[in-house]
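A single structure is presented below for examination.
All chains are identified by letter, namely A, B, C, D, E and F, in their written order; residue positions are counted from 1 within each chain.
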Amino acid sequence: MKYIDEFRDGQLAQKLAADIRREARSDRAYGLMEFCGGHTHAIFRYGVQGLLPDNINMIHGPGCPVCVLPIGRVDSAIELAYRPNVILCTYGDMLRVPGSNRVSLLKAKAGGADVRMIYSSADALKIAQENPDKQVVFFAIGFETTTPPTAVAILQAATMDLANFSVFSNHVLTPAAISAIMGSGEARVDGVVGPAHVSTVIGSRPYELFAEQYHMPVVIAGFEPLDVMQAILMLVRQLNEGRAEVENEFSRAVTRDGNLKAQAMVAEVFELRKTFEWRGLGWVPDSGLQIREKYVAYDAEKRFELPYQSVADHPACECSAIIRGVKKPLDCKVFGTVCTPDNPIGSCMVSSEGACAAYYTYGRYKESR
Amino acid sequence: MKYIDEFRDGQLAQKLAADIRREARSDRAYGLMEFCGGHTHAIFRYGVQGLLPDNINMIHGPGCPVCVLPIGRVDSAIELAYRPNVILCTYGDMLRVPGSNRVSLLKAKAGGADVRMIYSSADALKIAQENPDKQVVFFAIGFETTTPPTAVAILQAATMDLANFSVFSNHVLTPAAISAIMGSGEARVDGVVGPAHVSTVIGSRPYELFAEQYHMPVVIAGFEPLDVMQAILMLVRQLNEGRAEVENEFSRAVTRDGNLKAQAMVAEVFELRKTFEWRGLGWVPDSGLQIREKYVAYDAEKRFELPYQSVADHPACECSAIIRGVKKPLDCKVFGTVCTPDNPIGSCMVSSEGACAAYYTYGRYKESR
Amino acid sequence: MTKPRTGYIRPLDLKNGQVDMTHGSGGRAMAQLIEELFLTAFDNEYLRQMNDQASFQIPAGRMVMATDSHVVSPLFFPGGDIGCLSVHGTINDVAMAGAVPLYLSASFILEEGFPLADLARIVESMANASRQAGVPIVTGDTKVVERNKGDGVFITTTGVGIVPHGVNISGDLARPGDAIIVSGTVGDHGVAILSVRENLSFGTSIQSDTAALHGLVAAMVAAVPGIHVLRDPTRGGLATTLNEIARQSGVGMMLRETNLPIRTEVRAACEFLGLDPLYSANEGKLVVICRQEDADALLEAMRTHPLGQDAALIGEVIEDDHHFVQMETAFGGRRIVDWLTGEQLPRIC
Amino acid sequence: MTKPRTGYIRPLDLKNGQVDMTHGSGGRAMAQLIEELFLTAFDNEYLRQMNDQASFQIPAGRMVMATDSHVVSPLFFPGGDIGCLSVHGTINDVAMAGAVPLYLSASFILEEGFPLADLARIVESMANASRQAGVPIVTGDTKVVERNKGDGVFITTTGVGIVPHGVNISGDLARPGDAIIVSGTVGDHGVAILSVRENLSFGTSIQSDTAALHGLVAAMVAAVPGIHVLRDPTRGGLATTLNEIARQSGVGMMLRETNLPIRTEVRAACEFLGLDPLYSANEGKLVVICRQEDADALLEAMRTHPLGQDAALIGEVIEDDHHFVQMETAFGGRRIVDWLTGEQLPRIC
Amino acid sequence: MCLAIPARVAELQENDTAMVELGGVRKQISLALVDGVSVGDYVIVHVGYALNRLDPDEAAKTLALFAEIGEGIAPEFLTPSASSE
Amino acid sequence: MCLAIPARVAELQENDTAMVELGGVRKQISLALVDGVSVGDYVIVHVGYALNRLDPDEAAKTLALFAEIGEGIAPEFLTPSASSE
């Protein structure tokens, strides 16, 4: 698989690892936050941490869209799905995320709600066309990568004048979340591994401001393990040299400006929400997207008058601290006992991009030592 | 079971049979038509014919509501059932009756049509209440017994203002059918066994006219085998004595006037059709009931604009002659070979009240002698 | 490094839980369902091996194997449920060869959304039936299908058993002159099911006769090893079963209606619905055909067994190239008792 | 009296006909379906007895019994269909005890409206699979459920077989130091199914690997009678199967990713969908665990069999109180290969 | 046609319905077509409706008639001949 | 987040879609978000949409960079120490 296999080469990994070990100064620690759950997943799945020296410490950030979605939003989706005339479409990742009382969309489906797993926003449009007597709601989640496909779907629905389609938008913004974490100053983060795929859309420029503001080195990195290791090396070098720049490891698809067409389509359909609640980060201003008045006909929140109800996390759950990079999965008292991927208490235990699930699924062998 | 078991007594049957043999004159034949399929069924199921002398010959009449329904009406019901928003309710007897191309409601159900078997017209109302977003059509068939329950359902729907309920009326009238057979003069009928249950509603009076007109003895008889045998004896006596009266063997529930309340409800809801097509009898004037203008909202023929299309019977099928009492099942070339209860060609092979099915199911042992 | 966590698993919510797709995925949720529910209820040394197959010692000889899928609706009915039914049904099919049933397998197809409490009740009922019969459920399988692609639960059971030496029972061995015996009242199960069907429900004390018949069969085989035919008149009822045998053996039959044991309630329910008890299903009755001279000994053996108390000689095998099953009616006439046509649906006319 | 009519029956309409409720009623329509379709296709001396059970001679010894319900969707997929799958699946579960599969039963749950042409195609495929494997389908059952209470057809098969003397294979016999071998590429079946799922469909030449493995097993047992564990990594894939064995045997495992045989197409499809080939189902592969010193002989025996050509040594059994299955990644790291959690659903993140 | 059976009214219920009883089986039916039904009456039941009341005196008369029948029948009539259909 | 993979455009299709190819697997995706795509281009595919084109030259540069890495590394760095998480 071209452009994939080359970036998973074990031989090169050994050499990169050696380089990192050589360059990392033994008199200091490096706290590097990979913002994105995709990186978390890659690190655990390929065993990257095991190749790093002890003083390089990967901190798993909030970049897993299902992990940061607050319970209230999941509850709204479940409530919608249970309405007799509604078909709720969503990505497979959302199905097991627990809302209140541990009820997930999967359980709601078992309970009779019409929930459909889709692969693409285009599938939701198709379902709407095939079920003219039903209201088809696309429960849309995700960062800047997933937003443009949602925008396309709304624009196409408008073109087709599809009356029974709407979108429950939960799209959120990466830079806002990173700023919130940096701003809080809680986590000991020395450098940030930025998500390449987000930047294929938004480019690298949005990171420049806070690299400067927080004097924080950022390397935009691809999701293959060599990309991640290379980014780590680049961050070590910046830190060693006292630089705080935005560097681009994923130059093969990320430019400074990103995909202007996609940005324009998003801007046509969406506007900033004043504020949006994140699991872990709380209410973050200008961090979420809502559908513009012009496309209000496709806004499920308006069409179905969905009130938002903030719901507290399970008291034992440390997701919120984990997402902020302040705690690690094993710091949670219920990790691996009450909370497992089969019976997740918090959202970090759901997706293999969540820090708890990634550690549980891939990393627990360390317990056996 | 009181009022049932006493009328199935084998000892009494032997004595009644002896009486019939004694009274039946050996110098003549007695062609007795049991109008009603219920009698046909009883005769075969209990083996009544075997207790009668050879010169008493039971002729099976048209009194099986599913047997006389023309193909075109079955086709309309199937067409309705296939409409996406329609639930078609009907009695179990109708499910296997073949319409055009041997398609029955049972096959339509297998093919995806929403067909529900009900036990009572009240069930159809209940289904309508439970499915407010569907059109529930009661495919109503039957003679004067089944008509009052249909009338009650329509009156109740009107009281409840049930907008999604309607009736596809195929109710027909017994006296009109008997008159048609007598009028044609084809069948060699010397006397008629009249259906008791019809007369619980309409009384015995309606038979008086044609008993006189055709000089035809009539005995209204119950459906237990002793009732049938007693009626045969009474007919033999009338014939021997040259009488042509309406006698009432079922005095335990039939009066001369019948059930006036039921008659009034039927009259409130239904009116005579100018003419109605019967399988076997063709178009018979004043033989069917349609829903009055006052209740047109509940008339499925109007609501769904069902055009009536007369369809010819299968060329080999002799149902039509059998229903008129002119032929017997074994006179049909396809009886028991191409046409069996599992794969009926004609409607007489469907219900165990149909002459062909009754003979096939209960009477064929004679073939093994 | 903090301490390792032990493998705590939140127990199945057998009170309010529902089956969902993960219970059929092959993963941990499925393993949990199997262990906490099936293994616990059916518990035996074979299942505990937790392999994809059971393993047991057998003697040389003639073995029989029988399978049935159970799809009854409603799942719970007077006198039983799909669970015990699925155990009895297959034990009976094994026993109808005169065999001693040894082991059962059970395979479940669950519908997404099915209440775990109902499943637990059904599994418990299977476990009881299996224990009482002394025939363990030694291996199984579980699948989950999406809502509206199943009907709560379907259970397929398969059984194996060993035929005692010298016993040779088969549907093609009925001979003219043989006696036809039924082990008790007919039609109970079918009517019990109808009595709780939506839109049809009626009040009755009739219960399903569901029962394992291998004990009765053992007593019968001991009394008359030369039994010709055994069969349980399940779907299609007594009438259909006798027609099957008549065709297999190439014979006719003559029944006497007056000898047929039928409960009044069953007759009454059939009158209400326009049905015939001879086509109504049984789940704890058998038909046996033997030489006329063995009939008395067999009847006696049957009547001393609790499940054969009402055993009755109902007719005899005759020669007939048409393979008709006929009946002398109680009324004094004669008629055919034909195969069931279509389904037995309530009639109005 | 006119002449008697002979028992002509209009043949099933296998071209345009559909299953309806009468095909499950126990009456004539069901008898016809069984005779014209099932008996004709599966034809063998046991079925032809037409009893509710099959009967056959067996030798004394250790028997195994396995059952599986098959509910695959879609019913037809690249490389196979539910019919051959249901034959292979149960043969394999029998074979995974090292046994010689002897007889199968097959029980069908049909949905009202299912095209008889599709059913005929499935039954023909079963018949072929059974014939090729030399394992006859000796008894069966057919039920029909109403539309939207089934999913076309579900097939439950049960198999019995005899374990050769001296063979003792079970999931609890893996020992630290043992070699772990897989018989070929993993994940093919699961990906082949996904490739034809509505809304997911992608173009690929990947075919289901569905196959009967008893021939391969016979060759393996002949070469190394002392095999410890055999299992077919079906639902849940290789990962789940290894975790099952690790738990049963109370051991850990260490796999080497570089040794895992996985087709490029399977890897690519999994990349598209965010899935892991280790959790993708197989229907013609087995995992075998044996003493390290037997590994070479076993691999050689496997590779000379057409179904074991790509056999590979993928790891070894280790001591581990946590019973973790671990893997040295091709990248040079290490990770757990956990049980499947939930279902394997396509991911976007 | 018109399968109907006599059943005893066991209980009058609301909405003009009744519970009838036959051989130990109880079923709810509608009384919409018949006025003045009391518990203990027998009614002719068809598709869940009472079509009419049954008159016990008339039933007794019919049964009495049957009982008289065949008294003093000559022996030749007690042996049925073969029927022909 | 945002599982996305590079795939080769094998065929341009109607309605602004394309068939892409990866390791022998072909899948239809939307080109609504990217202009001017040609057959042979590699695109980054996410939830059925091309998010961007992949630049082969830049990819080659990154790979070249990897190749240089670790040249002449001292032996002590080639043995990894135990990691701690």
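Methods note: a contact is a pair of C-beta atoms (placed from the backbone, for glycine too) under 8 Å apart; a residue touches a chain by one contact, two chains touch by 3 or more.
Each chain and its UniProt protein: A, B = Hydrogenase maturation factor; C, D = Carbamoyl phosphate phosphatase, hydrogenase 3 maturation protein; E, F = Hydrogenase expression/formation protein (HUPF/HYPC).
The shown structure was predicted, so the numbers you read here are calculated from the model rather than taken from an experiment.
Traced through touching neighbours, the fewest hops from chain C to chain E number 1.
By number of C-beta pairs in contact, the leading pair of chains is C-D.
Rounded to whole angstrom, the centroid-to-centroid distance between chain C and chain D, based on C-alpha atoms, equals 28 Å.
Centroids built from CA atoms put chain F at 60 Å from chain C.
Chain A (Hydrogenase maturation factor) and chain F, compared by their mean Cα positions, are separated by 20 Å.
Chain C has residues 1, 4, 21-22, 27-29, 264, 267-268, 271, 274, 322, 341-342, 347-349 in contact with two or more other chains.
Shared contact sites, meaning residues of chain E that touch two or more other chains, fall at 1-3, 5, 22-23, 46-47, 84-85.
In chain A (Hydrogenase maturation factor), the residues touching two or more other chains are 1, 4, 9, 14, 17, 37-38, 49-51, 64-65, 91, 106, 119, 123, 142, 146, 342, 353, 363-364, 366-368.
Of all possible chain pairs, those that touch are A-C, A-D, A-F, B-C, B-D, B-E, C-D, C-E, D-F. Every residue of chain B (Hydrogenase maturation factor) that touches chain E in the complex is listed here, in rising order: 1-4, 6, 9, 12, 14-19, 21-22, 36-38, 49-54, 63-65, 91, 119-123, 142-143, 145-146, 148-149, 152, 195, 197-198, 200-201, 223, 226, 230, 233, 249, 251-254, 258-259, 261-262, 265, 328, 353, 359, 363, 366.
Of all residues in chain B (Hydrogenase maturation factor), only 106-107, 109-112, 330-331, 335-338, 340, 342-343, 364, 366-369 touch chain D in the complex they form.
Contact residues on chain B (Hydrogenase maturation factor) toward chain C in their complex (touch as defined above): 1, 4, 8-10, 13-14, 17, 37-38, 44-51, 64-66, 91-93, 95-96, 106, 117-119, 123, 126, 142, 146, 225, 341-342, 351-353, 357, 360-365, 367-368. Per the touch definition, chain F reaches chain D in the complex via residues 1-3, 5, 7, 19, 22-27, 45-47. Chain E makes touch with chain B (Hydrogenase maturation factor) in their complex at residues 1-6, 8, 22-23, 30, 32-35, 42, 44, 46-49, 51-56, 58-59, 61-63, 65-67, 69-70, 73-74, 77-78, 80-85.
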